[in-house]
Structures are given as structure tokens and as C-alpha cells.
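Below is a structure I'd like to ask you about.
Chains: A, B, C and D, in written order; residue numbering restarts at 1 for each.
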Amino acid sequence: MTGAEITAGGVADWVRGFAAAVAEAKDELTALDSAIGDADHGINMHRGMQAVVQKLDADQPGDVPSLMKAVGMTLISKVGGAGGPLYGTLFLKFGQAAPPDAMTPDDFATCLDAAVAGVQARGKAEPGDKTMIDALLPAAAALRAALGGGSGLGAALAAAADAAEEGARDTIPLVARKGRASYLGERSAGHQDPGATSSALLVRCAARTWTD
Amino acid sequence: MTGAEITAGGVADWVRGFAAAVAEAKDELTALDSAIGDADHGINMHRGMQAVVQKLDADQPGDVPSLMKAVGMTLISKVGGAGGPLYGTLFLKFGQAAPPDAMTPDDFATCLDAAVAGVQARGKAEPGDKTMIDALLPAAAALRAALGGGSGLGAALAAAADAAEEGARDTIPLVARKGRASYLGERSAGHQDPGATSSALLVRCAARTWTD
Amino acid sequence: MKKLINDPGAVVDEALRGFAAAHPDLVRVNHDPKYIVRADSPVQGKVGVLSGGGSGHEPMHGGFVGRGMLDAACPGEVFTSPTPDQMYEATKAVDGGAGVLHIVKNYTGDVLNFEMAADMAKEESIQVEAVVTDDDVAVQDSLYTAGRRGVGVTVLAEKIVGAAAEEGKDLATCADLCRRVNAEGRSMGMALTSCTVPAAGKPTFELGDDEMEIGIGIHGEPGRERRSLEPARDIVRRLAEPILQDLPFASGDRVLAFVNGMGGTPLLELYLVYNELREVLAEHGVEVMRSLIGPYITSLEMAGCSITLLRMDDEMIRLWDAPVHTPGLRWGA
Amino acid sequence: MKKLINDPGAVVDEALRGFAAAHPDLVRVNHDPKYIVRADSPVQGKVGVLSGGGSGHEPMHGGFVGRGMLDAACPGEVFTSPTPDQMYEATKAVDGGAGVLHIVKNYTGDVLNFEMAADMAKEESIQVEAVVTDDDVAVQDSLYTAGRRGVGVTVLAEKIVGAAAEEGKDLATCADLCRRVNAEGRSMGMALTSCTVPAAGKPTFELGDDEMEIGIGIHGEPGRERRSLEPARDIVRRLAEPILQDLPFASGDRVLAFVNGMGGTPLLELYLVYNELREVLAEHGVEVMRSLIGPYITSLEMAGCSITLLRMDDEMIRLWDAPVHTPGLRWGA
């Protein structure tokens, strides 16, 4: 599809695409969580996104706000751990910021900002704490910058995905200050954060969904 | 020393020699017990014979009956398992059959018969049950035969030791009917019995003690 | 992975069914969402005491549901905190009108999910107070981090606060007591082996035959540092000294000494550890009033142990001794 | 070898010191020779119930010393039966004039050492009766062999006979009851991993990552057969079916179902095993009156489980429910 108009159907494709990508990355995410966490991030996210897909298969809301609310509530009630409330909040807030009908690239950026702000409000993480935030904040910034610079949605999302992946990679040297990894202190350095990795995957899936 | 006269000192050397030999064979005996038992025969016998040596170092009775009683009682109170009562009985009975003063090779054979009979009475094992008995009975028989055939004590004990070792080796194909190994049923075949092995060692030590 | 399980994804559900069948006199189990409540709940007029967390720590928490301890426990997936709907439904199920105390171990996931549940319950105008336990001295604390983990003290708090609630103490009093127990208790743990999350299928970390992890949590996370194996007497000092210094415990203090097994370490070794611990405490003039030795807050089949010391006042001792009747802890009943 | 120990030769002694320190209200420990007796022993006019065996099976036997269960326990070295002097001294220590019952697990070493001890005690004109437990259906029985091993039923016999002795039943009655419990109970066990005798330093046997041993005892011995790993539901059938057929248990029989952990298997898995066992029993119309789930007769850190079924009459049920107050088993007190 092309990026001009963002429909609920497109957003649903994005979510389903993320579910598929998580299924593929499940073991990698769990392996990352084994190194600095408790070896369940991939398992948790996969369980949650499978439930989301089932939910959408059963009945898929026709507007973005209700769609993302369904996604968020499902994650909150199916994932548990830190990932559940945080990703749940991300989708809930995204939906709450979305217009009832089809939206523009700028609307999308606004929704992403709201989503990231929601995750920060929930988890109290600052940039550099070695969390999802380290992938999400750069992504949101890059998206705005690219759109402001006149790129189409597809190119802008690609830039956002690149920024997210770079942000995830940049968590490697960080010493975690939030989440389970923080218990390791210095030992948390040298490993990429699993949540940042799954968040980068989420943005990459958006870029795959909307291409110019 | 030469074999004509068997003194309490000689018998003590035999016992001490057995203690040293068990210390050396400890891991091998335990390994055999791992295969068809509970991995403690070498440990048990070593613990017991160390206690015996301590006991003799403290005060070593000057006659065979009291010497072997001390050895047997120490084993009974220090070894535990099947080995403790069985080896304890072996030495007790040996001592009970011994004359108060120095003994002849025939006396020795009489004592060994009594010792083996004591072990059989305690453990109710028949030849072929894959136990100590399969080393001890052939040894006692070979000793009598050799002495009857006119060999000196040293040669006769060497023959007895050979018979004991052959008896121990011959336990390999047997399916155990007594002791822990019997729980394995068919699976006990193919392994040499640890108790038969330590018993053969005991006879071999006698042969090393009294040489013509 | 060698486990007595069927489908790795069904472990918690199937174990919960076995648990429900084994203890019908003590507990009722709800399967969707998953929670365990006292058979006689809600107890009218009594504060409900609720806890929960990932599974894999058995007997904690489900094994502590019963008279004199927990009214409800919410089991998450293995090592994954439960979801808000579990705590929300369980809170409703045990509210006897006097409100419900949530005892939450300090992990981001647990804290966030319990927060959401409390918000939902409050919307139904159920009084909820939450106390977060964070007794693990292995974790350097700071304003900017997630803080310390909640470990061994959680078990002691559930027993002591459960007894207070049974006595009819009100929500505020139970919450204060719980905070006091948490404030007076410190823990540290170590691992000889890793453990395997069923759904992951392989050990969370690899340890050499002569290595151990010091300062572990209860989720198979690696600890603060990896060292070569040592005799129990040295390991006990590595755990006990930081605990003693952190509170700090002073000569003359009266404590409950809790030697906890991580799941794969036999009782024989735990008693040996307790023997060493007594000596260290004696050197510091710390008096052991009560002891608890066994696997109570575990990490699946991990081999290792943790030590928890709780400075007890007379009230805590009385409440510790009060009758408790649960599948995992029972006396006086 | 990864264990929380100091000197491998001192494990039993050091653990015993920790045990004595942890339970001074319940037990007295003698160190040379090693035995554990009830703190209030000898109880005048009461039959003394004594058991013992190698160490490494904790909480059995020492953890079962206390009111309503054992008067004395004699711990041998790890997996090595105790020596006659231990049972002899312990027998004298707990004889309250009504005689002493020896509960002996059927292993050559245990039987021989208990026999010698009984002979010594009788010379002091103390009445001693010995009952040998042999409930392990994994062992083919025959006149010419050492017979079956004593395993899980021993725990149940100690509880039930201990309650009878507490009630004042005489020696002959206690001995008959013990024989009845043994006759009505059957067990079978399996291992996912081996275990390491501290003094041996390496695992008693090696198992592949996808292998298990079926029909093991409690001393790290290999079992009747080695098979590739299976789901819990199949393993439970492998253990339960031979047990059911051996007695045989019939539809309508009322049983105590005992799912025992071998030491390294977490409670989560034991409850899952119990869940499967219930289904098998239901298919056979066998009714579970009581259950016991946990590590009670262990094999050091071995991972695995055993299942014991005991057909109970009303008297056994009443005696099972009677108060017991020991470090390892406690209710009604």
C-alpha cells in the first residue's frame, strides 16, 4: 500500500506483521533476556502477540482507536512481566491519540510520540537506562525529522526503524538502571537489551507495512 | 618372615597390609560399586580399615583371638552397610577359631574356613550369588588343597589368592541374587562384584605377608 | 531439558490442577484468570492478604494460601509476573470488606502489573494497599535504578502479616507491619547451577564445574559475580557478612534465621549451611530466636541457597509463632 | 562435584549439628555414636519407634523424630546403613519399658546391622521387634534374592505406627500394624539425573540428556531399565501401572497417594505428576483419601520422583490424621 492514507486495515497489518516478526525472533529475544534478565522476553512477547492475532481474527475493530485498545488490553492481560504493561501501554496510548478515521503520516507521528510518552510514564525510564525507551525515543524523533524534511511515510518510517535499531545496538555498552538487568550492575554492560530489540522490531515492521 | 609359625604379629601385619591395599584400591572398589551398587564399598572399607589401624596403633593385642576380635568389632562399629557386618563377622570368626598362641598353617586354614562359614551364616549367600562368598570359598578350598598337597604356607596362600581372584573375576557374568546388586536383576551381569574383589584382595595380602 | 512435564506451555496450568486436587480443604483455584484463594474466602471483616508473582518459586506463593497466611496468590507464567486481571479478580474474591493488602516483590514487572490491578480494584471502591518487598542486599540500591529485589523476606512477611490479619488487625496496621518486616530483613543468595525455564528449554546461564554465582535472584538470573567454588563455610560468610553489615545487625539483636534452598539443593546441605551460619551469627553476638530451613522460595531446580535474617521484636515473634495452616507452612493447626 | 559442603567426610556430622541447633525443642542429638531422639525421650510406658538408614534421604529419618512419629533415628554415612552400636544405644535411650520397634528398610546392610543391634539390646533384656519394609515393585522378588527394597512406604509406616505408639498401643500391636502398612503399600521410582555421593565425588551413574532410569531405589543405584525421556503423563503410567497391578489395587479401594521428590525435582513438577496420577487412579476407580506431595524420602540431589500407593482402612486414616510434630512432618500440633 502507499503511505498517504493510514487506514485501520494498514495498522492491523502492522500489528500482525509484528506478531509474525516476534514469532521469528522469539528465541533471539529470549537469548538476549537470558544474558541480562530471566530468559522470557521472547516467550512473553510471542504469547502476547499470538493472543492479539487470535483476538483480531475473531473480530477486528474497524477504527484505529478501538483496534489499538484491543491490542493493548490483550497484551496487558496475556503477557505479564515488565513487557506486558509496557507494550500494552504503548498500544493503548497510540490508539488514544489516533483519530477515529484514516490518519495522515503526521497523525502517525503524534500517536507514536504519545505511545512512547506512555511507556515512559509507566516505567519511569530515562534514555540510557538500557530499556525499550532507547529504541523508541530515537525512532519517534527520526520519524518527525524525516516527515518534516519532506520524506514520504515509507521513507520516514524506514529512517525511524534505522534509528530504533541503532538505538537498540547502542544499549550494548550501557549499564542497566531499570528492569531486571539493573540487578546485574556492571555485568549488564556488553549485552543488547531485549526490550529495545523488540521495540526496534516493532518500528521496522511499520516501515515494512507502509512503503512509498 | 617364613611360613612355619604364624604369630599374632604376623597376623597384625596381614591386617595392616590389607588396610594399605584397601586405601590403594578404594576408588576402584567404589567404582565397581557404582556400577551395580551404591558407590560406597571402597569408601566404607577404607573408613573401617583406617579405624582398625588406629585401634592397633593405640594398643595391639598380643594374641590372635583378641587381635581379630578387636579388628572385627572395629569394622562392625565403623563401616556400616553390608560390608561392615560381613567383614566384621569374618574377622571375629577367624579369631574365635584361632589358638591363643602361635598357629600352624593348618590352624590358619581352619580359621579361614570358620571365617567364611561365619560370613555365609550372616549373609545367607550361596556360591554364585555374586558376593564375597564367590571369592572366599574358592580361596579356602585352594588353601586346604595346597597345604594337603604339601606346599608351604606361602605357596598355599598364593594359590588361595589366585583362586580368590579368579572367583572374583568369575562374578562378572553372574546375575546377583544377594545384596544391592540383586535389585538390578539382569543388569547386574557384566560387572565384577566389589565385595568379591575386596575379599580377593584380603587373601592376596595374606599371601604377601607369609612367603616361603 | 529434563523435567517431569508434558507441554512446556502447560506446566503452570497442569501443576495448578494437581495443587487444587491435593488441597481442596485449604484452597480454591480459579483457572481463568489464574488465582488461588483460601477455601473459606472471603473472610468477612478480615483484611485480605494477597501476593503473587511468576511461577517456579514453589511453594511460594500458592503454597502459602491458607489460614494465618495468604488469602490469595496469583501465579504468573514461569518467572513472569502475573497480569493485572489476575490480581484484580483475586482481590475481589478475597475482599471481606476490610480491604486487601498486596505484598509485591520488587521487580518492574510485578510492580507494574500490581499497580494496574490496584487501580482497577480501586475503581470498584475496594480498599487496596500495596507493600513492596526489596530485601536483596546483592543489588546495589540507588534512586535511579529499579532498586533491590524482593526475595526471602517476602515469605516471612506473608507469614507474619497473615497472622496479624487473622487477628483482625486493620489494613493500615497490616501494611505498616509488612513495611516494618521488610525494613528489618535482609537476604542474599548464591547458585551452584543454573535452571531451565520450561518454555526456553535450556539453562538460563552456563556455569563451569568449579564455578558458582554469588548474589543471584530467584529467576535464574546470573548474580553479581562469578567465583570459583568454595567450602560451605566460606560461602556462608560471603552471604552473611553483607547481610549483617547492611541493616546493620548489631550484637544483641534477636533474629529469625532463614536458610532457603533454591530448589535443587538437598536438605542435608541446607542444615550444614545453617550450622555454618550459626557460627557466624554467634561471632557477631546475634541471637537466633527462630529458624526456618528448607526450600520455600525457589528458582525451579537451581542448586544453591539464600540466607535471610530478620530482626524480630516481640510482636513479630508472637505473630511468627501464631497458627498457620497452608500446604507449604503449617503449625499450631 | 558441586555441593554446599566443607569436608566430604564430615557432611553427615556437620549437617547433624545444624539439625540439632535448628530443632532443640523437638530433638536431642547424640554424636558418638550418632543418633537422634525425641527431646522428651524415653517416654515412660510408650513403645519406642526407631528407624535409621544411610544419610542422604532427608528429611527421612531424622526429620521424622518427634511426637506422633519416631522416637529415634540412626543416620549412617551417606547411603550406608548405620552401625549396630548406633541402633543399640538409641534403643536403650528411647526404651520406656514397653519395648522398641525397629522399622528397617530392606537392604542387606540395614537388615544385618539392625539384627546385630537387636541381639545386643535383647541381651540387656530390652524387648525389640523389627519390621522390614519392602514395597518397591521395581524389584523382582524371589525366595533366593535379597528381596524388594524398602522405599516410600517406610515414611507412611513411621507416621501411622508412630501415631499408634503415641496412643499407647503395645509393641506387638505396633509391629502388626507396621507389617500391615507395609503389606498394603507399593512404590516405584524413576530418575532424570544421577546423584553424587560426597565421598565418591562423581555421579553414581551417567545419564544422557534424553535418558531416564525407571525403577530406581533411593541410593543413586541405576534402575531396572534405561529409557528415552517421555512426557510426565507416560512416566506416571510407567510407575503407577506396575504398582496398581502388584498389590493389586482394585476399583473402590481407598488409598493414600504419595508423590515423592527425589531431591532435585521442584514442587511444581511434583504437583504436575500428581495431576497425572489422579487421572490414572480415577480410570482404575481407586479413590484418593489422602495425599502427600513433596521430597520426603530423597536420594541427595537426584532429579526424579517416586509414587507410593497405600491402601488405607479406617484405622490407618485415623492414625494418619493424628497429630504429628516433627521437623519434617507436622500437623495438628
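General observations
One rule holds in what follows: contacts are C-beta pairs under 8 Å (C-beta built on N, C-alpha and C of every residue); 3 or more make two chains touch, one makes a residue touch a chain.
Predicted model only: the values in this text are computed from it and were never measured.
Between the contact lists of subunit B and subunit C, the overlap consists of D. In this assembly, the chain whose C-alpha centre lies farthest from subunit A is B.
For the pair subunit C and subunit D, the distance between C-alpha centroids works out to 29 Å. Averaged Cα coordinates give subunit A a centre that lies 55 Å from the centre of subunit D. Separating the CA-averaged centres of subunit B and subunit D is a span of 32 Å.
Shared interface positions of subunit D, i.e. residues touching 2 or more other chains, are given as 78. Taken as a graph of touching chains, this assembly is arranged as a line, each chain contacting the next along an open chain of partners.
Counting only pairs that meet the touch rule, the chains in contact are A-C, B-D, C-D. By the touch criterion stated above, subunit C contacts subunit D in their complex at residues 2-7, 11-12, 14-19, 21-22, 55-56, 58-59, 63, 78, 192-193, 209, 212, 229, 231-233, 235, 263-276, 278, 291, 293, 295, 298, 300-301, 303-305, 330-333. For subunit D in complex with subunit B, the touching residues are 33, 54, 76-85, 107-109, 112-113, 115-116, 136, 138-140, 142, 144-146, 149, 197, 199-200, 204-205, 217, 219-222, 224-225. Within the complex formed with subunit C, the subunit A residues making contact are 30, 34-40, 43-44, 47, 76-86, 122-123, 126, 129, 177-180, 182-185, 187.
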